[in-house]
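Take a look at the structures below.
Each of the two complexes below includes chain A, the first together with chain B, the second together with chain C.
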Partner chain A sequence: MSATLEKGLNSFKEVIDAPIASFFSSCVHCGLCAEACLFYTETGDAKYTPIHKLEPLRRVWQQEYTLLGKLGKALGLSLPVTDAELEEWEPLVYDSCTLCGRCSMVCPVGNDLTYMIRKMREGMAASGHAQEDLIAATTRAVTIGSPMGIKWPAVLAQIKHVQAETGIEVPVEKEGADYLVLMSSMEIINFPEYLSALSRIFKQAGVSWTLAQDAFEATNSGIQIGASDLAREIVSRIVVAAERLKVKCVISPECGHAFTALRWEGPNLMGRPFGFEVKHILEVLDELHKAGKLKTQGKDKRALTYHDPCQIARRGGVVEQPRRLLNEVASDFREMPDAGVMNWCCGGGGGVSANTRAEPLRLQAFKHKKGQIEATGAHTLVTACANCRIVMEEGLEHYHMNTEVIGLTELLAQYLVEDNAT
Partner chain B sequence: MNPLDLLTFARGDALNWALMLFAAGVVLRLFEIFGLGRKPDLAQPRSDSPGSGWRTMFTRSLPPQGLLKREPVTYIGGYVFHLGLLANIFFFAPHIEFFRNMFGIGWPGLPSAMVDASAVAAIAALGVLLAHRLTNPVKRMLSGFGDYLAWAVTLLPLLTGYLAYHHLLFEYTLMLSLHLFSVELLLVLLPFTKLFHTFSVFISRWYNGDIFGRKGVAS
Partner chain C sequence: MKHTEVLPGSVGEGLQQRGVTRREFLKFCTAMTAMLALPPAMASVMAEAIAKARRQSVIWLSFQECTGCTESITRSHSPTLETLIFDLISLDYHHTLQAASGEAAEHARALAMQDNAGKYLLVVDGSIPLGDPGYSTIAGISNYDMLVETAKGAAAIVAVGTCATYGGLPKADPNPTGAVAVSDIIKDKPIINVPGCPPIPVVMTGVLAHFLTFGSIPELDDLGRPKSFYGETIHDRCYRRPFYDQGKFAQTFDDEAARMGWCLFKLGCKGPVTYNACATTKWNDGTSFPIQSGHGCIGCSEPNFWDAGPLYKALSMPVSATSAMLGTAAAVGAAAGVAITWHNRSTKAAARTAHEKVTAQELLREEK
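And then the complex of A and B:
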């Protein structure tokens, strides 16, 4: 399917719904959204104002869905959205927005700008103005099964490694298990600690779980690029596997957008509610902890701080769970300024980390996170998203900061009380 | 046409037409928004945030943490202007009398001196906000003809009302007519400019609160 301006404009028209019409109707051009956006606060460049990134979509709304706009269009008085304009807007929509949702929390008239950017990307992709690295990642996800090109043998190799290290069998294709565990490419390649930690925690808690050969990848670049048809194809693999294995719950890994893709967009992409639950790993661990099945011993003496991944906290509602879990294993847990739902993004969400063109801007935007980390005085940074983790590791290295980044699941496993008798 | 005829026209036909256009415009704009509809959300919402949309309608009036400090002019200017305007429209005794005549209901007003002070404050706030719009790079970039038009038609009723109350500039009857015409201009333009946020702000805030609330986040 070739991309054309016409398809893009049609897509803009399709995505505009009552909420978007109310958002554009309400905007008073106060500019407060800029103050919530790390791409503006760290560069001071007005073009990074969130509502400005939506200008082509706004004009389509005005020209197609308001009486005055339609009159203006009929009289030839309105400025049409052109290919050249969308090309100019592409870096604004893909490089300088991580879909973090901070502007949506700040807008005094209540505009959910992130909701609009997510929808606008559908038209950008349909008009041939999606970011090229994201196109490549999405193509790999659809054809190979993972945005980083990882196939099942790579996962199998990691399973063998984990089994040798822990002496615990990693269940695969186990029908009737309670939980289907997913991973992100980043965890398979860079952070094998995750699967190892999970195996040990689940063994101790007596959790029945499984991996699926054809649905191990949780990430979904389709929702980042703005291609709902591809996003649906990617998410449907998980749905099919979950239904085949008759699991009660699918566990989204330490990855932000994977949770959004599966938990909030998934049923809407599929066009039907799921017959199973979707939970983030932190929700599952918190439940196990509350039920007394996740026992830990000892506490980390280091000063620790926690980075809330945007899609887990602000856009996912998982805020208290990591705090409860951290306080269980850390004696010096320190909150960052603005922690929780108003946390600042690492700068690499929403597909920005996969976008090589955006790297200099991303590193500049990281200065905000740098300041937050420094304010705590901690040198150990805990998080629950492999993408945030790799983006922050790069940022910390770039700014020569002596800070270690670890995943929360992995930290918990370090203090796990293991029953050696079984 | 002598000033009295002008006032009669301003209070009569002109006002009726303005009110009709205002009402039709508001209904049209609401229809334009709601007519687009919204697909049902098939994701199971978290159960801990019922009524989030309704709450956000009000809570969004308060600045989120840190923002007041970053943008004091916008927030303080915004509060002073909106509260001043509200006091003038709904709590000035002659206006309440006007509403009583038109709708049959009235309510206690504020002392005239207080309303007068709030008019001055609102006018001053509009001045500061215009200066900010012209000098702040973000606001200047976002602003176009519509923003300055909206500013002007909002200022005029406040200004003409103030001048009429203090018997300044023109003879009172003429000034009062001008005040009424400025209100009528505002009424006619409100549905078709960003001033429509007077109504749509409650819709957009509701959607925002609902979208976040389904995910268990109070926005």
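And then the complex of A and C:
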């Protein structure tokens, strides 16, 4: 068994639903989505116009689901979608789209182009036209359990390290805990500060939480590559573990697409509502702060700016929370231009960061973020997505910028009031 | 001021003989200049040109018509400015107005065509039947043959009235005589369309004055009408327009709103889609026009006005669809919608059935 064009075309037919049909039929060809796309504004190349990236899917819609299109197809007047065409479109769909959702915001007729690209990737993956690095990452996520090939012993090693550092026990497999904490591979490998910061904050706030041995990984390569069958398999691990441990809430870590995968796509993939809540870590921290359980002392003297991860702010609605939290610990917080729901992507979301072929384009696209950071004059960049963080660190390095990137959870932990007396 | 030299046989001489003073003549030229929207300085130029001009030979042919157009022009004959039309031109042939009849009349036409070959102005009112030449003949000559023959030596043609310009009432559905407009037959001559049922008399005099002054035809719109008279809709120039803008409409012809002179749009006024000068020049020496008399415009100067929907239905109401038609259309639409939806659903269901679970191994192609 392997991927074939037939499977891909069948998948296109399968994913076209009422929203997509209405989106295609209501497109007025205004081209505003181009101006909203990082890859267009930074290259000026019209092929990066978001709606153009959907052309093969649009033709399948037209030929299969519209009256004139059906007629045209029956008379042999329409151009069929071919392997060669999908191959040509592969870089457009996987390299030059981070599913950031900015185009969906500006579309005057309300077309959710991001939703369509996500769906189009289903057909690309089924026809064997997914990007090869993403295929490898997805294969690892399915077979090993993590896109970066991390297994539980690696997590265990980090737990031991954190426990030694903080003197706080990291709860594992604790049934009946309130929160199930997930992490992204990136945090396990590159940013161990996250787990350490979380342990300290939760200890202080008296939160009951746990890690799960078979569901520590929050990321979902199935979502990025566009294979719902695999995305379902990956997300079900978390659902099963959460229900086994009877937690009230699952915390999505500082990772963008993991939140999308679990919070928005998850129940649809499973075909049923979850018996627990899904929250992003920033939402949980904000709630703790509001309840007076997260106390901080002192303020960071540095000029700070905040990068809104697309999946968390624009697609996830978590916009106010990071600002409230930042204002607690920052004395000189500066907003970037277009901050909040219209923020510009780091250039590496939606699987683009895992795609080595896309690297030159990604670095070119990073120029936009570079300009935004420079406009604030800040040299410390706070964010809440490990993927944004690594992509921006690479970009800053490439452009020789003297800017440090830190996670918001980690920053909060630095100013935490640790009251050991109680 | 030195009087313009009076040439024998010229318009000037004719006017002098009839006792028209130079002052009266200049007043006419000034009025015409204003009517045609020309600069004021053109009045004296026009006076000079018209006074010197030999009287323009005009042949007037009447086909399938009611003589209303001629009536319209003669009504304004005396004592207003329009009187002068008969002093400016040499009306060599006109059924209603000529004294001659029979052979003599046709001889006058032949003579005028011969003497003024290439220079005479041909005025036509009435439509031309193509269904059967016998539907309308003059001196045994079919309308079609007479038009083609007379048009040959004309400098220009003025189609007067909606019948000659667009076919008019004779052409109304089902058009039993196969009536057509002048412009449907004559393609190689300049044609000025002066539509209206009947047209406004000053439009005629204006067109003639322009032709005599400049030796050319005035600027026309895409329907061949002089822009100076047909450039704006009745609605745009209507004195009841402020009521329309305020949403004040008469609902019946005898309600309080109608007595208050509110807008007649809801009573079927076609002013918004009718290009004509009625609201500005008005009729009967500037006395009134239909809307001022309390009746909506019927759009008589527009092509196919007779078939453009009921006269007393508001423009915004559907013209031809009956409730039965609408019901049928809705039913057909719904049935088509159901059929297409069913087909789309089956396409999608087939795709779902054909879905093979994607495994990690199946992300790659065999040939890769």
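Rule of thumb we're sticking to: the second predicted complex is superposed on the first by the 420 of 422 C-alpha atoms of A that agree within 3 Å, B and C clash if a C-alpha of one lies under 4 Å from a C-alpha of the other, contacts with A are read in each partner's own complex, and residues count from 1 in each chain.
In this section, a contact is a pair of C-beta atoms (placed from the backbone, for glycine too) under 8 Å apart; a residue touches a chain by one contact, two chains touch by 3 or more.
Note that the coordinates shown come from a computational prediction; the quantities given were computed from them, not determined experimentally.
Superposition of the two structures on chain A leads chain B and chain C into a clash.
In the superposition on chain A, A:Gly76 contacts neither chain B nor chain C. Contacts of A:Leu67 after superposition: both chain B and chain C are touched. In the superposed model, A:Ile16 lies in contact with both chain B and chain C.
In the superposed model, A:Val142 makes contact with chain C only, not with chain B. When the two complexes are overlaid on their common chain A, residue A:Tyr40 makes contact with chain B while staying clear of chain C. Of the two partner chains placed by the overlay, neither chain B nor chain C lies in contact with A:Pro153. Of the two partner chains, chain C is the only one that A:Gly128 touches; chain B does not reach it. When the two structures are aligned on the shared chain, A:Gly292 is found in touch with neither chain B nor chain C.
Applying the stated contact rule after C-alpha superposition, one finds that A:Ile51 touches chain B and leaves chain C untouched. Measured by the number of chain A residues touched, the leading partner among chain B and chain C is B. Remark: of the candidate stretches 76-84, 220-228, 256-264 or 292-300 in chain C, the one overlapping chain B after superposition on chain A is 220-228. Contacts of chain A with chain B, set against its contacts with chain C after fitting on chain A, overlap at residues 16, 65, 67. Against chain C, in their complex, chain A makes its touches with residues 1-4, 7, 10-11, 13-14, 16, 64-65, 67, 70, 125-128, 130, 135, 138-139, 142-143, 225, 227-230. The part of chain A that touches chain B in the complex is made up of residues 16-23, 25-32, 34-36, 40, 46-47, 49, 51-52, 65-68, 104-112, 115, 263-268, 270-274, 277, 313-317, 319, 338, 341-342.
By the touch rule above, chain C contacts chain A in their complex via residues 340, 343-344, 347-348, 350-352, 354-366, 368. Within the complex formed with chain A, the chain B residues making contact are 28-29, 32-39, 41-44, 46, 56-57, 60-61, 63-67, 70-71, 74, 78, 133, 136-143, 147, 192, 194, 196-197, 200-201, 203-209, 211-212, 214-219.
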